[in-house]
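Have a look at the structure below, then the notes.
Order as written gives the chain letters A, B, C and D; numbering starts at 1 within each chain.
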Amino acid sequence: MQDIEVRFSEKPSLKDPIFIEGLPGVGNVGKLAAEHLIDQLKAVKFVDIVSKYFPPQVIVKDDGLVRLVSNEMYYVQRSDKENDLVFLVGDYQGVTPEGQYMLSDRVLNIVKELGVTKIFTLGGYGIGKMVDKPRVLGAATDLELIREMKELGVVFSKGEPGSGIVGASGLLLGLGLIYGMQSVCLMGETSGYFVDPRAAEVVLEVLVRKLDVQIDYEALRHKAQQIDQITARLKDMETQQGPEGIGERREDLGYIG
Amino acid sequence: MQDIEVRFSEKPSLKDPIFIEGLPGVGNVGKLAAEHLIDQLKAVKFVDIVSKYFPPQVIVKDDGLVRLVSNEMYYVQRSDKENDLVFLVGDYQGVTPEGQYMLSDRVLNIVKELGVTKIFTLGGYGIGKMVDKPRVLGAATDLELIREMKELGVVFSKGEPGSGIVGASGLLLGLGLIYGMQSVCLMGETSGYFVDPRAAEVVLEVLVRKLDVQIDYEALRHKAQQIDQITARLKDMETQQGPEGIGERREDLGYIG
Amino acid sequence: MQDIEVRFSEKPSLKDPIFIEGLPGVGNVGKLAAEHLIDQLKAVKFVDIVSKYFPPQVIVKDDGLVRLVSNEMYYVQRSDKENDLVFLVGDYQGVTPEGQYMLSDRVLNIVKELGVTKIFTLGGYGIGKMVDKPRVLGAATDLELIREMKELGVVFSKGEPGSGIVGASGLLLGLGLIYGMQSVCLMGETSGYFVDPRAAEVVLEVLVRKLDVQIDYEALRHKAQQIDQITARLKDMETQQGPEGIGERREDLGYIG
Amino acid sequence: MQDIEVRFSEKPSLKDPIFIEGLPGVGNVGKLAAEHLIDQLKAVKFVDIVSKYFPPQVIVKDDGLVRLVSNEMYYVQRSDKENDLVFLVGDYQGVTPEGQYMLSDRVLNIVKELGVTKIFTLGGYGIGKMVDKPRVLGAATDLELIREMKELGVVFSKGEPGSGIVGASGLLLGLGLIYGMQSVCLMGETSGYFVDPRAAEVVLEVLVRKLDVQIDYEALRHKAQQIDQITARLKDMETQQGPEGIGERREDLGYIG
């Protein structure tokens, strides 16, 4: 097996496609957002990526069938719009720095060949406390894009994120520069403690205007309510019993989304 | 030396062989089960695998002789049955994700050449508490196999194992799909605290029916009794003296099996 | 992408150039010193190095633009002096031992081709307590250089640093020997707790005499005052409130310089 | 630079040479023993090994000169004996499992070409408590060697060392089998808390009889006395002041030998 195995089930011909990345990360914001968009737009899977840079693991699906942990790419053709869309989602990011670089570089190779010149990477910006009205922070590869994003309400704030952007959402921008890509990273503010569908929603609200698509947020909002119920119960339990015995419940939070 | 050195002492010609993996893991369930079957069926060793992906270590045998840590393959020819058998056992799994992928991929290469099309991987499913009647959980590469396994009492339970299957028992299934293999992972429920011959026995009870072999469980049961005696003594000591001074005894448990 | 990508924006012709390294490390002494010298001498950037050996990360600049973490090289041509100058600075050192070796070896290749035969590496020598009058410790590749450095006040002290020199500041000397380079490591004493512009200044005081340049220390001293103010406030807070609630302030110290 | 750089300053012609390894490890027993033998026999250095598998570090010598961390090989020609001798000593072992395998394999390549067929690896066997009369434990590649070693007082004890032999002292035996080498590992019992010249002495007492050499133990015994004095002072300090403030003294112990 090669270090990174890319299998195409189809080689679609795409019209000036925009590439959208949403891999797991802080609050799983990017993954929730990208997967929701894939669902809403009925995007079609056409690439499977498996790699020694991922954890050595299979996922067991509800029916008992297994599949290797992987990244997957989807596309949407839009006859009535200027740009088709390509998505990257998956179970994991690369587990080592080398893996991160090699995987992002490979993905850029793939999307370059598909004709992509514009990238949106989606992620969470963990601030360590609960957020009432999450902002969408941005970072980008050129000033024109920053101006466009500001008009859509994206916040470009000096010193945020202070430590830069780690992982695929950052590398695709940074390495993308070498490939001549114009890219934006959209980061929804989140506590970072739980998966955060609400942060995913605010990120999507920006993105859909840019992509000119209509989606409904029902499924994301339902997930957000589930999280709220669990956190509320956790708070009750802490009040009544002290913090013991909560671990179990808290774990539930990891599964939603 | 190559990254993975495979040395054949013999290249057996095998009849539609079934491949069975039992490397160290949770409760050493898979290793105990596979080694017991090798003993009972008087399987013949024919492959030694050493690799830079294993720990840099030699094993010192009881007579003072050393050997590199390794994985080993065994075979059984069965003139009266449809399928011969091939086994993989060993001292360690690969120590890095890369090593895990490279080793599983190499093993699949070897068994593919031997004509294998069906795989059983054996392991433990750690549940963090003592188990009275361990179930055998399963995961597989196709629905037909799942149906067959269910008939033998294997439990396919939504969300178990929730985190997927990590290591060789999972990768051989996942990568095996690329090689066109039909595979099942059988996992014996175990606390995960000690080596667990009883979990190995329930796994074997399923497997022997599928392989159509007769074995006795004497040696495994003897090991289980030894574990029971030590855990009973540990409980006594804890009751009488508090938990101190138990570390030593607890270590004994690591050596059995 | 290659393991180490070196991009030249210019291939300057340099006169017997001296190479000066100042990457991040203990107290960021080397980085502060080298960057200050680059500013003062208006050195020109001509090389960008990105690599899978760096963290998988982009830096977000104040204007919201991103760039990959990188190392950078600068040069200064000096018509009135015998030696031109070449600098190496950057965001990170290699994250693995392998990365450290590969990156230092590559840099030596580059500077060898530029005609470099003499190297100064700059760093901090952490002593775990506040220092009133930081010494500059030295280590070098030949006795003649040690003699010269001693005349400039550099201390060569048996058993200091006892554990050797770890990272690029050491490797460039050690690997440099293979390339026939004459090299000195200058280490400013520092507590190692904070970034330390004062230690950077004492290192520079030695180096500028050797390089025969005039610089002013205004900017470094300003940074040192900022650090002093913050540490003073920290001390006050500890006296008044005990050590809690100080973490936040302490973090500020990481950002200066 | 290559992954492992081997530089020969000389290619000696050796008569049926025996190879002796003493790299850093538990109690630095092997290193102390091998270096003492090199001193006593006035062995000549002929190989330097530097590698990306070692820590990225230079050693600063007492005169302020630096050198890369390395492994070194020495030889002794003995006109009056059947076997010449080859030694391997150094600052570090490989830092990763891969590095350990690659380095041991490379060393075996070198000594194979020198005509070596017999190997002694020297190490410590850490037992976690002070030892009055350290035994020398053994492990070997064939029964004839075990018999010979037993006659010299070496203990081959079932289950000791229970966890096998980790690092170069083990790998050279295990990989050596592939090269057709006959090898013994001699392990001096040691607490494992301090460097242990006394354990090195008992190991050497066995080895010198096998190699038929005369050495004096003066220098080793002097080091052992220094250790004793420091440990005695430590005990005093603990009695008088409690365990605080001892850290500093305890560190001294790391430097001797």
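Operating definition for what follows: a contact is a pair of C-beta atoms (placed from the backbone, for glycine too) under 8 Å apart; a residue touches a chain by one contact, two chains touch by 3 or more.
Computed from a prediction, not measured in an experiment: that's the story for all the values here.
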**OP:** Enumerate, in label order, the chains that touch subunit A and subunit B alike.
**Re:** none
Original post:
subunit B and subunit D are the same sequence; what rotation (0 to 180°, nearest 5) superposes their CA atoms?
Top reply: 90
**OP:** Determine whether subunit A and subunit C, two copies of the same sequence, contact each other through the same residue numbers or different ones, counting it as same when over half of the numbers at the interface appear on both sides.
**Re:** different
Original post:
Roughly how far is subunit A from subunit C, going centre to centre by Cα mean, in whole Å?
Top reply: 37
Original post:
Using mean CA coordinates as chain centres, what's the subunit A-subunit D distance in Å?
Top reply: 52
Subject >> subunit B residues within the subunit A interface of the complex >> reply: 94, 97-98, 100-102, 104-105, 138-143, 146, 156, 158-162, 164-168, 170-171, 173-175, 177-178, 185
Subject >> Residues of subunit D defined as touching subunit C within the complex >> reply: 1, 5, 50-60, 62-69, 95-96, 255
